[in-house]
Amino acid sequence: MTNSETGGLVVNEITVSFGGLTALDGVSLSVHAGEVVGVIGPNGAGKTTLFNIVCGFVRPESGTIVFNGKQLRRHQPHDLAKAGISRTLQGVGLWGGLTVVDNVMAGAQSTARADFASALFGLWRSSREESRIRQRALELLGELRIAEYANRYPLTLPYAIQKRTALARALMCEPNLILLDEPASGLSEAELQELGKLIIGLRDKMGVLLVEHHMDLVMSICDRLVVLNFGRVIASGSPAEVQANPDVTTAYLGQDIPTVDSPVANAGS
Amino acid sequence: MKRFSLHSARRRARLYATGVVACAVVGTMALTASGPANAASVSTPGVTATSISLGATEPLTGVAANYNDIAPAMKAVFAWANAHGGVNGRQINLTIDDDQYTPSITATMTHQLVLQNNIFADVGSLGTPTQLQVQPYLNGLKVPQLFILSGCNCWSSSKYPYSSGLQTPYTVDGKILGSYVAKNFSGEKVGYFTQDDEFGFDAIKGLNMEIKGSSVVSKQTYVASTAAYVAGLQSQVAALQASGAKVVVLAAIPPFVGLFATTAATLGYTPQLVIDGVAGDPSAIGAPAALTTPAPNGQALLNGAITEAGGAFEDQTSNPWVRVATKLLTKYDSEVAKNGITGDELTGFNLGYLVYQALKAAGKNLTRQGLLNAIAADGKNFANSGFVPYSYSSTVHFGFEGEQLYKMSATATPITLPTGTFMGVTPVGPVYYTSPGAGPVKVWHSAQDKVPASLSSTA
Amino acid sequence: MQFFLNITLGGIATGMIVAAVALGLVLIFRATNIVNFAQGAMAMMTTYIAYAVLHKGSGYWLAFVVALATGLLFGALTQVVLIRPLQGKSPLNAIIVTFGFLIFLEGLAGAIWGSQTRTFPAPFSEAGQKIGNTQIAFSPFDVFVVLAVLALMILMLVLFRGTDLGLRMRAVAFAPETARLLGVRVRPLLTLGWALSAAAGVLAALLVVPTSSLTPNFMDVILIYGFTAAVVGGLDSPVGALVGGLATGLSLAYVGGYLGGSLEPMAALALVIVSLMIRPEGLFARPAPRRV
Amino acid sequence: MGELRKKAQGLAAKPWFRMPRQPMLRHLSYAAVAVVFLYFLTQKLSAFNDYEVGEIAFYVVALAGLTLLTGVNGQISLGHGGFMAVGGFTLALLVEHTKWNVVPELAIAIVTSALVGALIGIPATRLRGPYLAGMTLMVALGLPYLTNQYDSFFGGDQGLTTPQPIGPASINPEQWLAWIQLACALIVLILLGNLLRSRFGRSFRAVRDDEIAASLAGIHVARTKVIAFMVSAGCAGLAGALLALSAGGVNSAEFPLSISIYLLAGMVIGGTGSLMGVWWGAILIVYLPTSWAPSLANHFHVNSQVSANLAVIIFGLVLVVGMLVAPGGIQGALRWVAVRVGAYFSPDGVPNMKLSLQEAPTDRAVHDSESVTQADKPGV
């Protein structure tokens, strides 16, 4: 909390409840550039709600969210990209009617400058920008090694490729912070390895906040962990510290520590 | 290995598809395209040595589809004429197009009649808004727009010499009803219930010429739409009731007269009703609920209502015109043969016979101007089934300017139609006539035109 | 004062009929998440059948029962033939299909019975009653309308709140997959929902037709007002449909009475916009949490 | 056959001509071809056929707008007849009170209806599916009555007259009118084509497919929807103004609900979301009620009651059957065939993917990905 001047995301004492049920109770955490922070906890602990508050889908009853020294007040989801925050969705949230490259290009909406008139009249101002964005999107697809699917429709592609497309889209706005909502769900062991490398690679350019059930992945890539249970932070610190915390073990007691989620199981949630 | 790129295939596909669209557009055009229809050798459009081509746009479907039996009856008269040698040796071909009572479609269909069917004249088309839409167009091209089935004052205007109406102008309707009210209900509070368009406005014009302004206590309007049905007329009828009007003059289309009567019954409101000739036929009002539901005082709601008509009712079988029309239409109009004659079919018969007489009067050398001249010169003498002669002259482009008043009566012989049994009517007083302008309402003393022998012997 | 009283009573009578249409829409929406734009047209078809029965010389009540029964059957058939293939597709498809069905039925009715207006009787007198010395603009038929619509609403409440069948129907509407996994037989329930809703529509048509008249499009506007009522009340609440119906009927009556008849359709539009701005899900719908 | 295929493959591999990539240039070059073609077409046709071509042109304008709104942006409108009325009356009022040229009059008609579109579009952003459909239906029913309420201004039932624009004396008036209307149609198609190939087009589709994902990508969902509504209403307004020129006047009876219904059916038959498919829809709207249905009725000797309702029945069937069996419409079916034919001659070989009508390319508002998107959406 004292780090608010140094940049990054600072979530301070957030409380929110739905219909009398407290979903988050005084939750605080921070993510700084160059850092991977994981949020873990049993189902219903409030992880996704936390993301939704940061993104502006849900308004907290109290508490503040500060990003790069500026407090986010009554912000809307679409303001986020411009502010430098990106988010991937738990499912993939790709648009079935757009090709992969168009999906990724749409991620650059916040940096696009061409106005309505230049788009309507097809002026160079608009078309030049389009080629620039397309170029950038193809580069990103190349970096994520899915360039060959650029002109395909995403919902016809394997799940892993859809997830990468979604990641590419989130990276298009060149964020300072990226929120990853269960990036590992539905991926095979080999794909997990690659994902881990990818996320660590992101660290050079931005802060990463992820919600994940897959403990091996979390433990291996996160710099810090925050553990939520029933809407409260019950532990935080390095992976080793958290693993050693008895409260965490209790929280997970009685339910399997989830390892690999299948997309099918996810679909039902 | 190079992958098949679906995208490029699709882009090509899109191009192909675009091409196919273009080709199809051409194809459709080419198929439906046709030159000006069988260009006549004579200079007058729509007239050949052996034929005359006429057109009409009618609401065969849509909100005014009630009137869709008029044009077939007109056509039946032409079939009769054609079977007896045509007019001056020419067969009459009538094209009836459906305009659904929608002005934009009227415009399209009228363009088609003029540009493609190459009509000589537009005759007996129905509707005020629909015909107003094409009035500038037809007059601009000097195509006669004759005998429009509408009582709008707008058809007799020096600006549009090629237009003329058939129905009694609504202002004349209003004047005749107004003079009756002034005479028989003097001192009573009067209310108006009128349609919110030219029909209502013109009728009010006539009413105001006869009824003292001070006795009119409430003027209510409605919009002729299905929406008004559902919301009902409670507010308007309640307002009339609240104003204490003892006499209500209705310038409304038949269904709304029915709705008015039903609503008045609900409110326990029993004014003397005076109904414009547009809804003068109880069977057209067609609301047996209104006719049969006992009002609080035990009387049928429309019982005793005053209305008006320009000619005999179809159930007055003793009238020679009704007899001859029924006979002719039974032979040439399958609908009449099946279900018997309606008031609208009687109108259609009259209309067809008017067109026939006008064409005949225009002579062998048929031109558009010649037709107009013939109507201006002889129009007054054309035989008709109405109670007064036609008013046509070089300056007056109205058909009828007279009405017989009637009383709807539960004791008169009821009208029986396939759609139900309706109360009958009995005549009240003499036939009146007047012009839409200033001038008194006068009594017409002469008898109805005789049915010409040429018609009665061949029908 | 009498004027105000009378247009208020008129508004209530209209409102109850509007509520009947709204109840039918709500029933289908609760059962299948679809707004059935063809409901009015389906009811119009069965009203023509009732008309035919009536003119065969049967009494009003036989025609009434025949119309309701035909409505049930028609609703079930429609669901099986048209709506079943749409399950799981975009809601836009359902809107266009039901709307197209409306057009089709109106054309068909016009082709079979013609476009001329016919009249349909009421089972009770439509004349207003005297209470003491005051004439009240409320006829025995209006009383019948109110009772019939109230009965319909209570039936629906009992069905959804009180019976296992109703609960299963709700489950099917909102989570068809889960319901199927839980062993609910989904298909017959959906068919039943459509059958009941079509019957509710038929009831509305039979209540409106005596004061209107029978034409192929006589239900168009009442459907729009019914939709207004359902939206104002919340598309999944029977009580909301009733309150929305009364609100719609009264707004139309007051706007028509004090401002002019041409403004009535716009008044309904304004009512929808205002109520949706205040509560997008309708007054009586429980707010659904936003799903992200 | 093999020879032909080889030849075609060779051609496809080395296209002798490539369309410009820049959208405006590309669309202008399409339009140039169309202009030449349409010029000769209108020269060749009779006056009434020219009049009909003009009608097709303004329905193309209206359908293009509706396609953008419903097909591309996923917002349904049953009320585009209402927006057409706004455009028509605006033009008529300008004709009555000013002495301007037809071009600024049309431009103002577009702006006015776009503004009314915004008025409806803003509350519409909070509505979905059936709610929006019902609200727009009320717009179609309600707007024309306003002209009755203020009849001294709008001319009441009689309405206002809009004289046909007169061109050079050597050109017949129907042809001149058709040219004006065709020019508007081509301009609208070019501009909408541009728009759809820009970031706005992408946003429209993204909002249609998944609003939450769109907002997270930085797309202002509500603003995007309002823009789509305004553009679409503007097109409808232009179409209404052009209709007024054809009809010679406007009045409250001129824009009945049936026009909105025709537009919806036209959109579905053309292929929801396809800008080129609107030509099919426009041809259907112009010819079915006035020409095809009557000849069909004639051919089968049905009675007048049936023939009078035939067009309506067919429009209804088009909507129902089109949506159930071929949501891609005519344009979708053409593409489906073209993809196969194209693949046969393609040097790349036969497509290795199953491509069905259901999955035919992109712009289907009415698309069938519900099952997938549901799985996409996690709970709160």
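Going by the order they are written in, the chains are A, B, C and D; count residues from 1 in each one.
The rule is short, and it goes like this: a contact is a pair of C-beta atoms (placed from the backbone, for glycine too) under 8 Å apart; a residue touches a chain by one contact, two chains touch by 3 or more.
Only a predicted model underlies this, so the values are computations on that prediction, with no experimental measurement involved.
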item	value
Most distant chain from chain C by Cα centroid	A
Central chain of the complex, centres being mean CA coordinates	D
Centroid spacing, where centroids are CA-atom means, of chain B and chain C in whole angstrom	36
Chain centre separation (chain A, chain C; CA means) in Å	46
Geometric centre distance via CA averages, chain B-chain A, whole Å	71
Of all residues in chain D, the ones touching two or more other chains	141, 145, 148, 212, 308-309, 312, 353, 361, 367, 377-380
Residues of chain A touching at least two other chains	48, 52, 55, 57-58, 89, 99
Per-residue overlap in chain C, given as positions that touch at least 2 other chains	110, 114-115, 220-221, 260, 262, 264-265, 289-290, 292
Contact footprint of chain B on chain C as seen in their complex	2-3, 6-7, 9-11, 13-14, 17-18, 110, 114-122, 125-130, 135-139, 142, 208, 210-213, 217-218, 220-222, 225, 252-253, 256-258, 260-262, 264-265
Touching residues on chain D, where the partner in the complex is chain C	70, 74, 76, 78, 123, 126-131, 133-135, 137-139, 141-143, 145-146, 148-149, 212, 257, 261, 264-265, 268, 305-306, 308-320, 322-324, 327, 365-368, 370-371, 377-380
Residue ranges of chain D touching chain B (in the complex, touch as defined)	12, 30, 34, 37, 41, 44-49, 51-53, 55, 141, 145, 148, 151, 156-159, 161, 163-164, 174, 243, 246-249, 251-256, 258-259, 276-277, 279-280, 283, 287, 289-291, 294, 304, 308-309, 312, 331, 334-335, 338-339, 341-343, 346, 348-353, 355, 361
List of chain C residues in touch with chain D within their complex	29, 34-35, 37, 82, 85-86, 88-93, 95-97, 99-108, 110-112, 114-115, 220-221, 224, 227-228, 231, 235, 260, 262-266, 268-269, 272-273, 276-277, 280, 289-292
Residue ranges of chain D in contact with chain A within the complex	21-25, 27, 190-191, 194-195, 197-203, 205-206, 208-210, 212-221, 227, 353, 359, 361-364, 367, 369, 372-380
